[in-house]
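By written order: A, B, C, D and E. Residues from 1 in each chain.
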């Protein structure tokens, strides 16, 4: 497969930006990750996520329905881990409780919707965000719209195969992996003079 | 019903022992369905698909499939298949020519709703005057529905690709429908040697929890969930959502490439890639082209063959590379519109060298001699 | 050695079954074979053909045998009423090919066509297949068996042993055989006629052997 | 236009709740045994006014 | 019984928007509520974009409040005014195409039956008169003829309202509407009779002006569909926008033309008695 020269970087990219997968960006295999469209070892991406979270002026976590709702033990455990990670990173949390086109509008201060996620990014001046627990299809919609219309740096912690449309994506992320990431962030924070 | 065990897909496709049988294509696809661990099969009869869905019915009666019925027409069969898929079941269905067209509104919906449906298309003519005979014009229309398209040359590939289609379609990062197409009669009713995997081994079941969109069973959040909300008419940036949604379906097709390479194998099988004249074909046209190539080479002519097995996602890079060397590219097809020639021409820079002939349709056979004429004419040019 | 066979007849005469049996026997002999029936709306007594390719090497070619080297005509209507997918019925037959016709009447073929066949050096064999079928098996439905026997007698294209195995498999009722709805209905007619599958198989084999011996010695 | 309940006339029969096409707009106050109307979700169709047997619901003009 | 999917993960209760907190804390899941409780709990529908005085919106609201098990119900709708409201419904619901709601629901119901053999998963088809009696008549009939365990609820506003007020098969003879500029030329399609003849074990008609009876009919229709076979409920829902009357007249008009009918097969009769609904 040809290596893509397309880079998945903060926008605003264009009126209608392409899906990264259609530009040749391929998803990572197990143990790998994507940074801005390039396949890298997972550790490198973890390091980069840590750096991005620490340097961010206004980082936000966007947990999706797969962890917001207590539908099974794994979801509850992952939700707990994600909350700890957000706290460790000093990030705020805005939920994506569902995917409907909400009528008449969402309140961008307290929620995010995959159909127009840019509203929430703009309203809260979010410069770095983390998607976690969102069904892959909807995460990809949102990530692409964000890249198209905002300059937010997007990170996706995916329980499945990852997201090309995020600037950094990790794959196969469940509660244990989130906890490990939290440890890394905590360590890095501790080493950074405030 | 015999005891069966779940096996690893890669083992089944590549390493499982094979038993030689002498089967028609319709029997071969039913053998695949038996091994595919299908939950529900629904179909409507149409020539030349019928025998396949009869046997699938027998498999159901024996207990290998949990539910099966004859639907009221193809549109509603494909709708019921969508419903079953949304409910988290693994499904099988099949149709042909006019049935494909009657059902057509559902195919972009399957793709848009991210349903990993596997549907066999036993292609047949669709025009007036009526014909029930082979003609694969419907693939030309299916190509732009967002679903993935495999084109099997013979009953063996029909068997293999049907099984492989389930595993590719159900990958969480793919999760879009796959049409496994064959030319009616030339494959469905043609008896050939087919090597099948053991009857007591089946694919792992579908795991609905990996779906990239929520399964509609009230067991998966969000509880407030509509499949699939057509985006509200006047909801600010809703057009961008719709556009992004369509891009995501196409992106899923791109992601399928890696899984196809792993489970299905080569997108294109090439013999003599450096030849002066390259035949590019799919389905049974590739079988006829192979015979023509051999005849031509016996006569000292420099002819090669590229058989395209995967029509969607189209192997663009490979085709561009293949198109560089030959002086002439001949694309024989079993339809009047020449969708494959059109596709190849639109993907390469030097499309002038592509000859979209011979085309045979309406049930007529394409004798290798007919392709041979084109080769001889091409050399004279 | 590569054979391309076209069997022409009327629906119900067993061209599809004959081709399937012959193909199965060839595979049992270790050869490669592709069998394809060509039926339109598949009603009884409508023109029906089946095509069969047998080779020592893998066979790819599909569809109608447009240029066969063997043609088997199961019914005289194929010749004089045009109940055939090709007109004239020998269209595409390769020179020095073989033509087997179910008829006792040797002047069936019009003079013009006979001269064309002579030009092509075609070996024409007449077999009273339906008559033999009645005499030996007690039913015209065994016409296809006699035609197969005649073909094997002339060409030895498959062994009689493999043919017997193919017939046993086909009529033992142990494996489900898919050809067409009409074929399945005719199977039931045969099953009613013979109380036991073994008897049916034996009668079929006998019909084959009679024709085999007569063409072998001819 | 605004729809409002005259608390003194409301008997808490709740018929208006069964007449309103909008969800979560007319709610029942179990303590006071009367209904409240949420003006935010009200589209002023007046079905509640038509339905109320006590003439306890009225519409009032409001300055914008 | 509170469903897990209607429970917020620990630690996230406070960050959820208010409407979700209300839905979880005060919603009807697992509480066996009905029409009589309306106004006292958080309803399953959020603010929707349908017209003021819409009879159809009211019918959906009443139906949603009458579902015997909203936590295990999936609604299949189709194109029409109902599909404008559906995304705001806190129950899994499906819109696929125009007219295929019944066949899709049949596939879905069968999938759920085999995936959850020990649970009731109620699949309810809820669509307009055009969706059920015109474009989707064939699958509607066939699910009945096949005796699928589905409840079909028609929201009959006697026109295609979403597309701009065209005549439908359920419009009355003589009605002047778009595409029937000289008046409709044939009578209203006798869907209840057809339903009865096609094998429905429970058939009922009611209007949106009769909330309590409507609520009981919804419960009966779903229970019978769960245990016995197909059921059909036809709700008359006048449309002020396309029939051009004042929004305050919807219920008056509904009452005037209301036809109440209830056919209950003997098997269904027994079931309804036992369940005491």
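Definition applied: a residue touches a chain if its C-beta (ideal position, glycine included) is under 8 Å from a C-beta of that chain, and two chains touch if they have at least 3 such contacts.
Not measured: the values here are computed from a predicted model.
Asker: Along the shortest chain of touching chains, how many steps lie between subunit C and subunit D?
Answerer: Minimum step count, subunit C to subunit D: 3.
Asker: Could you run down the chains that neighbour subunit C and subunit E together?
Answerer: Per touch definition, common to subunit C and subunit E: B.
Asker: Computing the C-alpha centre of each chain, which chain sits at the greatest distance from subunit D?
Answerer: Relative to subunit D, the chain whose C-alpha centre sits farthest away is C.
Asker: By C-alpha centroids, what is the most central chain here?
Answerer: Of the chains present, the most centrally placed is B.
Asker: Could you tell me which chain lies farthest from subunit E when each chain's centre is the average position of its Cα atoms?
Answerer: The chain farthest from subunit E, judged by C-alpha centres, is C.
Asker: In terms of C-beta pairs in contact, which two chains are most connected?
Answerer: The chain pair with the largest number of C-beta contacts is B-E.
Asker: Per the centroid of Cα atoms for each chain, what is the distance between subunit A and subunit C, given in Å?
Answerer: Result: the chain centres lie 68 Å from each other.
Asker: Using the average of all C-alpha atoms in each chain as its centre, how far is it in Å between subunit B and subunit E?
Answerer: 38
Asker: Approximately how many whole Å separate the CA-defined centres of subunit D and subunit E?
Answerer: Subunit D and subunit E have C-alpha centres separated by 25 Å.
Asker: Two or more other chains in contact with one residue: find those residues in subunit B.
Answerer: As it turns out, subunit B has residues touching two or more other chains at 214, 219-226, 229, 232.
Asker: Among the residues of subunit E, pick out those that touch two or more other chains and give their numbers.
Answerer: 5-6, 46-49, 87-88
Asker: Can you identify all of the chain pairs that touch?
Answerer: Per the contact definition above, the touching pairs are A-B, A-E, B-C, B-E, D-E.
Asker: So in the complex, which bits of subunit B are touching subunit C?
Answerer: By the definition above, subunit B touches subunit C via 20, 22, 24, 26-27, 51, 54-55, 58, 132, 134, 154, 183, 185-187, 189-193, 284, 287-288, 290-291, 364-369.
Asker: Give every residue of subunit E touching subunit A within the complex, in rising order.
Answerer: 4-12, 15-17, 20, 46-49, 87-88
Asker: Touching subunit D in the complex: which residues of subunit E?
Answerer: It is residues 35, 38-40, 42-48, 50-55, 57-58, 61-62, 211-212, 240, 246-252 of subunit E that touch subunit D.
Asker: Spell out the part of subunit D that touches subunit E in their complex, as residue ranges.
Answerer: For this pair, the touching residues of subunit D are 14, 17-24, 26-28, 30, 35, 41, 43-47, 49-51.
Asker: Report the residues of subunit A in contact with subunit B in the complex, numbered from low to high.
Answerer: Within the complex, subunit A contacts subunit B at residues 1-2, 16, 18-22, 26-27, 65-66, 68-69, 71, 75, 97-101, 103, 105, 114-116, 118-119, 135-138, 140-141, 144-145, 148-149, 160-162, 164.
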